[in-house]
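To keep things simple, chains are lettered A, B, C and D as they appear, and every chain counts its residues starting from 1.
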Amino acid sequence: MKRPEPAASVSAAARRQVMVVAAAREIHDGEVVFVGMRLPLLGFALARALHAPHAVGLFENGVIRDTPPVAPLITMGDPPNIAGALACTTLIDVMSHLECGRVDVGFLGGAEVDRFGNLNTTWVEDEGRRIRLPGSGGAADIASLARRTVIAMPHERRRFPERVGYLTSPGYGTGGRWRHEVGLVRGGPARVITSLAILGFDGESREMVLESVHPGVTVEEVRAHTGWNLRVSPALRTTPEPSAEELAALRQFDPQGLWTG
Amino acid sequence: MKRPEPAASVSAAARRQVMVVAAAREIHDGEVVFVGMRLPLLGFALARALHAPHAVGLFENGVIRDTPPVAPLITMGDPPNIAGALACTTLIDVMSHLECGRVDVGFLGGAEVDRFGNLNTTWVEDEGRRIRLPGSGGAADIASLARRTVIAMPHERRRFPERVGYLTSPGYGTGGRWRHEVGLVRGGPARVITSLAILGFDGESREMVLESVHPGVTVEEVRAHTGWNLRVSPALRTTPEPSAEELAALRQFDPQGLWTG
Amino acid sequence: MAKVMTLTEAVARHVRDGMTVAMGTGLESCIPFAAGHEIIRQGRRDLTLVGPISDILFDQLIGAGCVSRVVAAWVGNVGAGIAYSFRRAVEEGIPRRIDVEDHSNLTVALALEAGARGVPYLPSRTALGSDLIRDHPRLREVLCPFTGARLLAVGALRPDVTILHVQRCDAEGDAHLWGNLGVSLEAARAARTVLVTCEEIVESDVIRSDPNRTLVPGFLVGAVEAVPFGSHPSPTQGYVNRDDRFYEEYHAETRTREGFLGWLDRMVLTTSGHEGYLGRLGEARLERLRPRAPRPAAPANYGL
Amino acid sequence: MAKVMTLTEAVARHVRDGMTVAMGTGLESCIPFAAGHEIIRQGRRDLTLVGPISDILFDQLIGAGCVSRVVAAWVGNVGAGIAYSFRRAVEEGIPRRIDVEDHSNLTVALALEAGARGVPYLPSRTALGSDLIRDHPRLREVLCPFTGARLLAVGALRPDVTILHVQRCDAEGDAHLWGNLGVSLEAARAARTVLVTCEEIVESDVIRSDPNRTLVPGFLVGAVEAVPFGSHPSPTQGYVNRDDRFYEEYHAETRTREGFLGWLDRMVLTTSGHEGYLGRLGEARLERLRPRAPRPAAPANYGL
């Protein structure tokens, strides 16, 4: 089967801007955020600057900070993320806040996400060949222990299978009360932010539901790039364009356009 | 019953000097020592200066140091014990070294010690009245987890009952393989250093055995101040007097004679 | 969201009757005496106090009738041994009966650490065979799922509030603390909120210049108060030395209930806050407790 | 008892075939690359490597054939994603088959912490329901003895040796380390011995001036080596910034086995030690990695 091409009606840069802004909007004021690199890092900076001035960011390597890194960086352990941090401590220390239920929202990505928000970053198949990916890192921990998670992914059919080939980081498993049954005491994905759309999860069945399509994207495009019969919310809307204020902040925090250029 | 008077043939100061020197001799070069206040602190300083230059001291409040405090002090948390320390960390961190089996020797005291080296620092009876003492502190941990312990006590009959009224810190329990049976994986008291004598423990029965009497003290005195029929080693000896070198070091580390004056 | 407030306000807002309060977690330094005295002044009742080595602060709170339960490894006078108010309460129910949940230092530390980790218990091999663990509400013998070996399971403890005294802190509660740490970090992370008293409130930039010295991040902290000498008579490294004499005087004076009540009246009840307490001690005495010989930490560069 | 030695000597003495070696415990900084390269030069075999985020160091050791097993949460290229030598070994057995004990960051951290604590396991609620924990040699579902709740028991891991790169260290191994700490402290305390490479060996007085910055006490340490740029291409806060370009170049060059062997030959096998490696990079490149803007930690006084 030939894969559908990604929708090309809106520029890739504009799509990424929409994604970052959507990620920022998931962070509420005063929240404790488990931040990742790239998109969530930028989303966190945006949220702090615009609507969540008291949000605090935790990084799994042991960094706690509330301001953007003092210079561009590649990893959370780079000197610009340490300088000016509020605290530098251990992985277990920051992950204990996760396990205590103090982390409001954690950001995740992955090679595959399925109908119930489960993530795979361990093994995938590509044209019959098994490919070994780097593995969980902290993703399984964030997915298990945060109060809610937000998943950011390029929207491609091979990345949206009905069921992940390997469940690295638990979403809602097989749906319904699965998390409770396996012993997870809270959490699960609240949103999936993709290059095409924003998706949520049904409160009962825990199945993924299309909530919003990005400007210029159609429901059909989204469904064509999704590996199962995707449910669509009756209240489907179009993702609001980034505001002038949001775009200005984006330019401030990503002046070289590393992510959104 | 009238209690026997403590033996008075040797001055109290000289007795304390003998005790400190005996404690120092229990520390071997390169050992990791769980140090307490007063007598063990001085013993540790002496050992480092004389025969154990590579011994390292751990304090349960989180201090790791290899040199005497920079000034006299009352508690292990006092500024002279922090200044110049090798490391300042948490209680759990230093006690983890205990639990790992990295601590060669720990020093203990108590209100009561019994025939099998069990210690009580919680409840005692005095003429029919129950008296509440401060409690374990770290003693139960040191007694449970160090590779061996050394107990220092004034030798008084009321402090040497056949069986402690409350077992705060485990010695050899009821003797034999008791430690193994309750789940303790190592350790137990190696020596009891008192104001009158040095005592050890039988390798099989784990009963306390008189090994050495301090200069000027008789076996009868020791037995009179002990609450059970104390066994005496066939190799009984007299505790060697502190050497000139040891006395000089004592004067150096306790110039005001706070402990040994 | 403003966290900086007076000690009076902080205690009024964060310490309520019946709460579980961890304090004295530094073992023998940085004991938050000023906060404890304010709790006495505000007449809190039925508190559960949590701490390994409680210094004489627990003795004072017990004698003042604020306490119904103590979770501790050692309640005494670190300078002089016996804590008389503790003994009177346990032995004679004066001024009221208190329950004691006895621990070793490691078990109380692990109980707090389990709380801080968000797990229901942590295993250890300590105190097996000790009378301490008999019929204990929080300590239970279990078998290791891997080896079958006997272990002690230490149940989690989550204080309603942990009170710390530290060297310096910013207005958001990000706290720099140095010297021996005892169980302060575990107690802070285990608590529902943290009340920080500090020698000085500093600009956030001071804290951010050395993030490895931030041992309590502000998002755990509910209130911050500048309380110089707030650990007196215990020391705060680099700011205040131990007032050894105080421990001896307290020991002598509180041997009787009447003596204790006189002490309490003079030093706590009739002093209007911590400044009044310091006034009772007098300038000269406080001056003598100030460090004389600076010992600066070697420079550390966070540059890039 | 002398611990200061060359890296060649330290690896020869402390890293043996078949050992379990924890390295790269700082997550993405202070990765002990120089020590890893020396392990490759000395031709160690059948190592078990332990680390959460392994950076490209594990990839290099795997490609060089030193490794039979990896215990990790993530093996990749922190700058560019995929680690090709790791993939070749897992997918195709080139240059040899390796076993992978998959973890999350928290489970590998807790395994090391259990080792550091001297307990057979530690409980958590992480990764329940994940495929990670199926038929896992070190992860087991258990029930809480207090609440009956499901928990994950993480079995202890004790490396034979943990290798750390730090900013400064004295001749006895007392090490000052700052920046994010990852699982370095747990790995150091869990190990039978620790091998420390550092940017500079300093007088003991420097260490003692700030004992709260001593994160590894010397009694855990078996060998100390001064190895400036010993974490290159990863950063060491205040001493060396990240060499971003290196990760991209490595990614491009090692996509094929031939490419990797060329890289290995040029950068490791034919360089006589770390100075040779640095020589390959060239003065100008190293100079650009030196921090330009100092950011000194605020003073802290330990005086009395």
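One rule holds for everything that comes next: contacts are C-beta pairs under 8 Å (C-beta built on N, C-alpha and C of every residue); 3 or more make two chains touch, one makes a residue touch a chain.
Not measured: the values here are computed from a predicted model.
Asks: Among all the other chains, which ones are in touch with both subunit A and subunit C?
Replies: Intersection of subunit A and subunit C contact lists gives D.
Asks: Any idea whether B-D or A-D has more C-beta pairs in contact?
Replies: The comparison resolves to A-D.
Asks: Taking each chain's centre as the mean of its CA atoms, which one is farthest from the centre of subunit A?
Replies: B
Asks: What whole-number Å value describes the gap between the mean CA coordinates of subunit B and subunit D?
Replies: Subunit B and subunit D have C-alpha centres separated by 41 Å.
Asks: Could you work out how far the Cα centre of subunit A sits from that of subunit D, in whole Å?
Replies: Spacing between the chain centres: roughly 28 Å.
Asks: Find the geometric centre of each of subunit A and subunit B from their Cα atoms only, then give the gap between the two centres in Å, rounded to an integer.
Replies: The computed centroid separation for subunit A versus subunit B comes out at 58 Å.
Asks: Between subunit C and subunit D, what is the gap in Å from one C-alpha centre to the other?
Replies: That gives a centre separation of 37 Å.
Asks: By the touch rule stated above, which residues of subunit C touch at least two different other chains?
Replies: Where subunit C meets two or more other chains at a single residue, that happens at 117-119, 124-125, 149, 151, 178-179, 181, 207, 212, 235, 237-238, 241, 291, 295, 302-304.
Asks: Multi-chain contacts only, two chains or more: what residues does subunit B have there?
Replies: Those would be 63, 79, 82-84, 88-89, 92, 98-99, 145.
Asks: If you connect every pair of chains that touch, what shape comes out? Choose line, ring, star, complete or other.
Replies: Shape of the chain contacts: other, as it matches none of the listed patterns.
Asks: Chain pairs that touch, all of them, please.
Replies: A-C, A-D, B-C, B-D, C-D
Asks: Report the residues of subunit C in contact with subunit B in the complex, numbered from low to high.
Replies: 26-29, 52-53, 72-76, 78-79, 81-83, 86-87, 90-91, 102-107, 109-110, 113, 124-132, 141, 149-152, 178-186, 234-235, 237-238, 241-242, 244, 247, 291, 295
Asks: Which residues of subunit C touch subunit A once you look at their complex with the stated criterion?
Replies: My answer: residues 1, 116-119, 174, 189, 207-208, 211-212, 214-215, 217-219, 302-304.
Asks: Under the definition above, what is the set of subunit B residues touching subunit D in their complex?
Replies: 30, 32, 54, 56, 63-65, 70-71, 79-80, 82-89, 92-93, 96-102, 145
Asks: Can you name the residues of subunit D that touch subunit C in the complex?
Replies: Within the complex, subunit D touches subunit C at residues 117-125, 140, 142, 144-147, 149, 151, 153, 155, 167, 176, 178-179, 181, 202, 206-207, 209-210, 212-213, 237-239, 241, 291-304.
Asks: In their shared complex, at which residues does subunit B touch subunit C?
Replies: 59-63, 73-79, 81-84, 88-92, 95, 98-99, 122, 129-141, 143-145, 166-170, 173, 178-179, 182-185
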